[in-house]
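Multiple structures are listed underneath, in structure tokens.
Each of the next two complexes has chain A plus one other chain: chain B in the first, chain C in the second.
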Partner chain A sequence: MKPESLRMLRRLARTTTLYIVVTGLAVIILTPVFLLVSLSFMSDLEAYNEWPMPLMPAAGIAFRVEATEAGYVLSVRKVDGSFQSLIEGTDAEAMAAFARRKTNCGLTAGELRQAMSEAPREWSPQREWLANYRTFFQVSPGAYAALWRSVYVALVTIGLSLTIGGLAGYAFARYRFVGRKGLKLGVLFVRMFPGVSIAIPMVIILGSIGLYDRPLGLALVYAVGQIGLTVWITASIFLGIPRELEEAAHVFGASAVGAFWHVTLPLALPGLAASAMYAFIASWNETIQALVLTQFNPTFPVVVYQALLDSRSMVHLAAAGSVVMALPAVIFTFLIRRYMVSMWGGVNV
Partner chain B sequence: MMAEERQPRRLKEALPYLLIAPVLLYYLAFWMRPVLAALYQSVADADGSFTLRYYQMLFEDPYFVRGAVNTGIIVLISVSLEFVLAYGLALLINTRFRGSTFFLFLALIPMALPPVAVGAMWASGLATYGWLNSLLVHLGLLGVDERIAFLAGGEARSLAVIILVDGWQVVPFMMILLLAGLQNLPRETVEAGRVFGGSQWTVIWRIVTPQLRATIQTALLLRIIAAIQIWLIIVMLFGFRRVPVLLEEVMYYQEELGGPLYQRIAMAYAVIVAVIVSTVAVLYLKVSGGGRQEVNE
Partner chain C sequence: MPDLNLRNISKRYGRDSWALHPIDLTARDGEFLVLLGPSGCGKSTTIRIIAGLVEPTSGTVHVGDREITDLPPRKRRLSMVFQNYAVWPHMTVYDNVAFPLRLQKRPKTEIDRMVREMTELVAIEHLLTRRPDQLSGGQRQRVALARALAVEPEVFLMDEPLSNLDAKLRGQMRTELRAIHQRTGATTVFVTHDQAEAMSLADRIVVMHEGRIIQVGTPEEIYSRSASRFVAAFIGSPPANFFVVQVRGGKLVHNAFTVELPASWQSAAAGQEGRELELAVRPEDLLPTHESDAHLSRAISVVEPQGSHQIVAFMLGKEMVKAIAPASPRLAPGAVVHLRFRLEHLMLFDSRTGERVEP
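Up next, the complex of A and B:
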């Protein structure tokens, strides 16, 4: 074979391997995510009564009602097309409620009564796609409140870490001073300190200032970890903005604060926003400190955690809670995907 | 420069410290104070006298040894396997290709997901009637009547499951860190290696890897710190005390048992975990924190 065609063949082989590896990885990454989302839309029947469990919820539901000696029997169509009897009786109210719970449809008692009068009859009621999400919030006490508490905690954490951490980050970027390097490493050390080892003694300390089991208390603890990272991120952001710009502002008569406010800050804004979103994700996802530091006022991850541990048979509801949990994290990750690597890398911002 | 000289000299010298003061005060109140409180309370009896009985009770608990051993196994095996796999993938993928930006976002997802969502995902997947067995049946890899009991079996098998699930989250993350490092390498060195007749393997081993040393150290030590603190996924899959690990034991004493005595033991546990993690953290700062960043500045 000629060397050129050999080279081309080799290149083709390399491209093919690359795409196989990339596709394979994408499939491995996405399959569990897809199935969690899929499960969160499945009805009780689909999640537990079918084997193998369907990989996607059915697009529609079909019911059949037949008259029997004892009253009526309501059946529902399975994936393979056969009908499975769901409930038998005469009380349309109770039967419709049961069918709604089992199949995630919007079947009303009136609709069922109508069908009964025309039995035997087959029909397809509307599927309620968000039923699991609604049910999750209904059966998990305080889930809504916990959701807002999580948002509040994340916002306070962002506020604390950006102001306190941002000031120090600016100092590290703009000034050389004694102890600078040691301080910067010390900050990183605190950042890597295990959260649980702070949370457990914090139970008593927060209790003594009335902040145990309070979102504010939790945010104070979250900020300990976040400030350290924010210092490093903001330091590298401010480092990327030439100090000559600030000096130019001085020449034109701006004060130090004015130069920072009107020149540096606007330029730093995208980086600061990324840092804030990163802090949001970290605070939003955090579980162990929230478990230790809350009792009656949990954050959302704690609610999802408990829903999953308490009721093994309600996995499709816990899946709905998990998707609600995951959505903001994934969206913010998408927005800051470019910055994410350096933030994860820790020092190498 | 002129403008700076106009500032009073003393203020100029004090300014960086003023800017850093809030962080230091914050750490004093919300980091130093709990750390000292934990140290004190883990050795203070109810009447305030010195005691080592919490540590003694902890060490006498057979779950401590099991937890420590399991944590060690997870740290050693999962971090090294994950690294080898991630590095291999990073080397394979190290080119710009169509859709590479989107692929990188996909690879960010597992690590960005909330731990409880990952727990729910695998708890529903690995259950005997869960989606993983169903998927295998749909794919024809299992017969309709066959099911793999992923969560049953002994500790070795459970650890293998934990390592696999952890790998799902961590390998893409490590791969991205290493890819970022690879893309910052000067191309010339690799090309020179090729020109002088180095095989693919030699180039990777002798030229690429040494230059990536800092990135690799960073990634490994950060992962070790995280792996020492693995617990949530284990509890969500197996419940408490099926596969004990250090942090799961901390949470078992703190939350499941509760009460003054057990929470003191949890405190002692927290101190031990802090000592272990801090040791690794100091090591990390020594090898990667000191040099590089400062050079860039």
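Up next, the complex of A and C:
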């Protein structure tokens, strides 16, 4: 073989291998996400009555209604095409309600009565895609309030950890002082303790300052853990910003605060964005401490957690709750992603 | 414009680590003053004290009658060009130049006029909307320069502004800096470790070494009447040749040669009789000559052709000596060269203290 074609072949093999590896990783990462989202849109029937469980909810629904001695029987089409009887009776009101709950469709009593009069008949009503989401919020008490509480806790956590941690990071990067190294390690000390083990003293402390079962109290606890990480991220970012840039601002008329605001802060934005993202995700996902530190005012993960454990609720509803919980983290990361890559030459995360 | 005055300025770190021993220094109105010295000599500390970025341990800084020693940098009415340009990477060229003016709350139209005028002066008016990461090093330095010019400072500070540029660009910027200075007439303090840069830019040079000022003078004075062995060795390229000689009866005696001192030196030589001195001879003062006239004849070890001239190097004992010869005839390694000292330019230094011996 000619050397050039050999080289081409080798290059081809290399790219192919790379694509296989990348695709494999993507599949591994995306499979659980896909299963979760898919499950959150499935009807009760699809989630519980099919074997094997379908990978995706069916695009449409087909009903069949037939007259029997006892009245009418309503059947629904399964994935394999056969019809399975769903309910039998004469009360269109009750039968439609049962069908709606089982199949996530918008079947009304009037529609069913109409079909009964023309029985036997087959038809396909519209599927209600968001039925599980609606049901989740209906059956989980206080889920809406918990969602907003979670947003509040996350924002306060970000605010606190970014201001305190960011300024501390700046101090670590710019000033030499006694105990600097020890202190920098010290801020990581609080992260050593697992949330569960530190939860009891936190209950006592928050209780004594009147913040037990309050979102603010929870945010304080999260912020303390988050500050250490923020300090480390921002300190390395501030170290990467040449001191000369600040000195130039000083010489050219800026005060200390002005130089920080106009020069240092915009340059540190990637690091601050990364810290904000970590703080958001940590606060948003945290369940165990929230479980202990709240009683009547839980955050959203606690609600989802309880939905998962509750034997009465069902897995497709819990999946809907989980997607609602995952979505803000995805959106938040997506929104700040452009700040996280290096925006200007020379300053990288 | 007012003079810049430093009185008794020093900087000490910790208990007794002196970055700068107490110095007095004046940059006169419109003067281009260059602080020259090797790294760690205190020149950067000095300029940073003037800028207000470093707090002096002792002393005062005045601009005219105004004492600025304890003022924050922003109130000193001076501007600075930094070694790494220090142009703000998140601002466009326009904003980099305009930002200081905006901080001064100047009217918008005036800012716009000033930015355009100054960027034109340094030939970057076509780059106004670019970000620094889209510029070359030379262009960035021009942005820094335009920014420093735009604020119309009382004193201009430049901390090794050319050291990050490549050799050709450095030469070009040097010429432009000189031209801009002639146009603006701003009192300028310029820090460099490059003696050629200092020679070509300065009205006066301040040679610094180990936190002390060794000599202040015009480039000519520094070059031909160096105050110490250190200055003589630091200035000039190739550097001066040094020979340890003994004064004996109006002559300088080295174990390879003997030279008669000129008449102007005779009285001084009488006082130094029998002492060991160091003779400094610059390469261009070692002239190729006929064998009969020569103070020194040696076989050439290396020839460096330079186009306009050639540098000839040979060994004298363990020392390498360099001389400058005309471009022709072409000399070759191994050939014997006969050299004569041009004695009107000779410099003598105390071999113990390194201090200059005056004629």
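Here are a few things to note about the model shown:
Rule of thumb we're sticking to: the second predicted complex is superposed on the first by the 302 of 349 C-alpha atoms of A that agree within 3 Å, B and C clash if a C-alpha of one lies under 4 Å from a C-alpha of the other, contacts with A are read in each partner's own complex, and residues count from 1 in each chain.
Here, a residue touches a chain if its C-beta (ideal position, glycine included) is under 8 Å from a C-beta of that chain, and two chains touch if they have at least 3 such contacts.
In this text, all values refer to a predicted model and were calculated from it rather than measured experimentally.
Contact with chain B, but none with chain C, is seen for A:Leu167 once the two complexes are overlaid on the shared chain. After overlaying the two complexes on the shared chain, residue contacts for A:Pro201 are found with chain B alone; chain C is out of touch. Residue contacts after overlaying the shared chain place A:Met56 against neither chain B nor chain C.
In the superposition on chain A, A:Leu216 contacts neither chain B nor chain C.
By the document's definition of touching, of the two partners only chain C reaches A:Leu267; chain B does not. Once chain A of one complex is fitted onto chain A of the other, the partner contacts of A:Val139 are absent, as it touches neither chain B nor chain C. A simple residue count on chain A separates chain B from chain C, and the partner touching more is B. In the superposed model, A:His250 lies in contact with both chain B and chain C. By the document's definition of touching, neither partner reaches A:Ala94: not chain B, not chain C.
In the superposition on chain A, the residues of chain A contacting both chain B and chain C are 247, 250-251, 344-347. Contacts from chain A toward chain C in the complex involve residues 242, 244-245, 247-255, 258, 262-263, 266-267, 343-347. Put simply, chain C touches chain A in their complex at residues 51-53, 72-74, 76, 78-80, 82-84, 86-90, 99-100, 103-104, 131-133, 147, 151, 157. Listing the residues of chain B that touch chain A in their complex gives 1-4, 7, 13, 15-17, 19-20, 22-23, 26-27, 30-31, 33-35, 37-38, 41, 89, 92-93, 95, 97, 99, 101, 103-117, 119-125, 127, 129-131, 133-135, 137-138, 144, 168, 172-173, 176-177, 180, 214-215, 218-219, 222, 225, 228-229, 231-232, 235-236, 239, 247, 250-251, 254-255, 263, 266-267, 270-271, 273-274, 277-278, 281-282, 284-285, 288-290, 292-294, 297. Against chain B, in their complex, chain A makes its touches with residues 15, 17-19, 21-22, 25-26, 28-33, 35-36, 38-39, 48, 51-55, 160, 163-165, 167-168, 170-172, 174-175, 177, 180-181, 183, 185, 187-190, 192-198, 200-205, 220-221, 223-224, 227, 231, 239, 247, 250-251, 256, 281, 284-285, 287-288, 291-292, 301, 304-305, 308-309, 312, 315-316, 318-319, 321-323, 325-326, 329-330, 332-334, 337, 340-342, 344-349.
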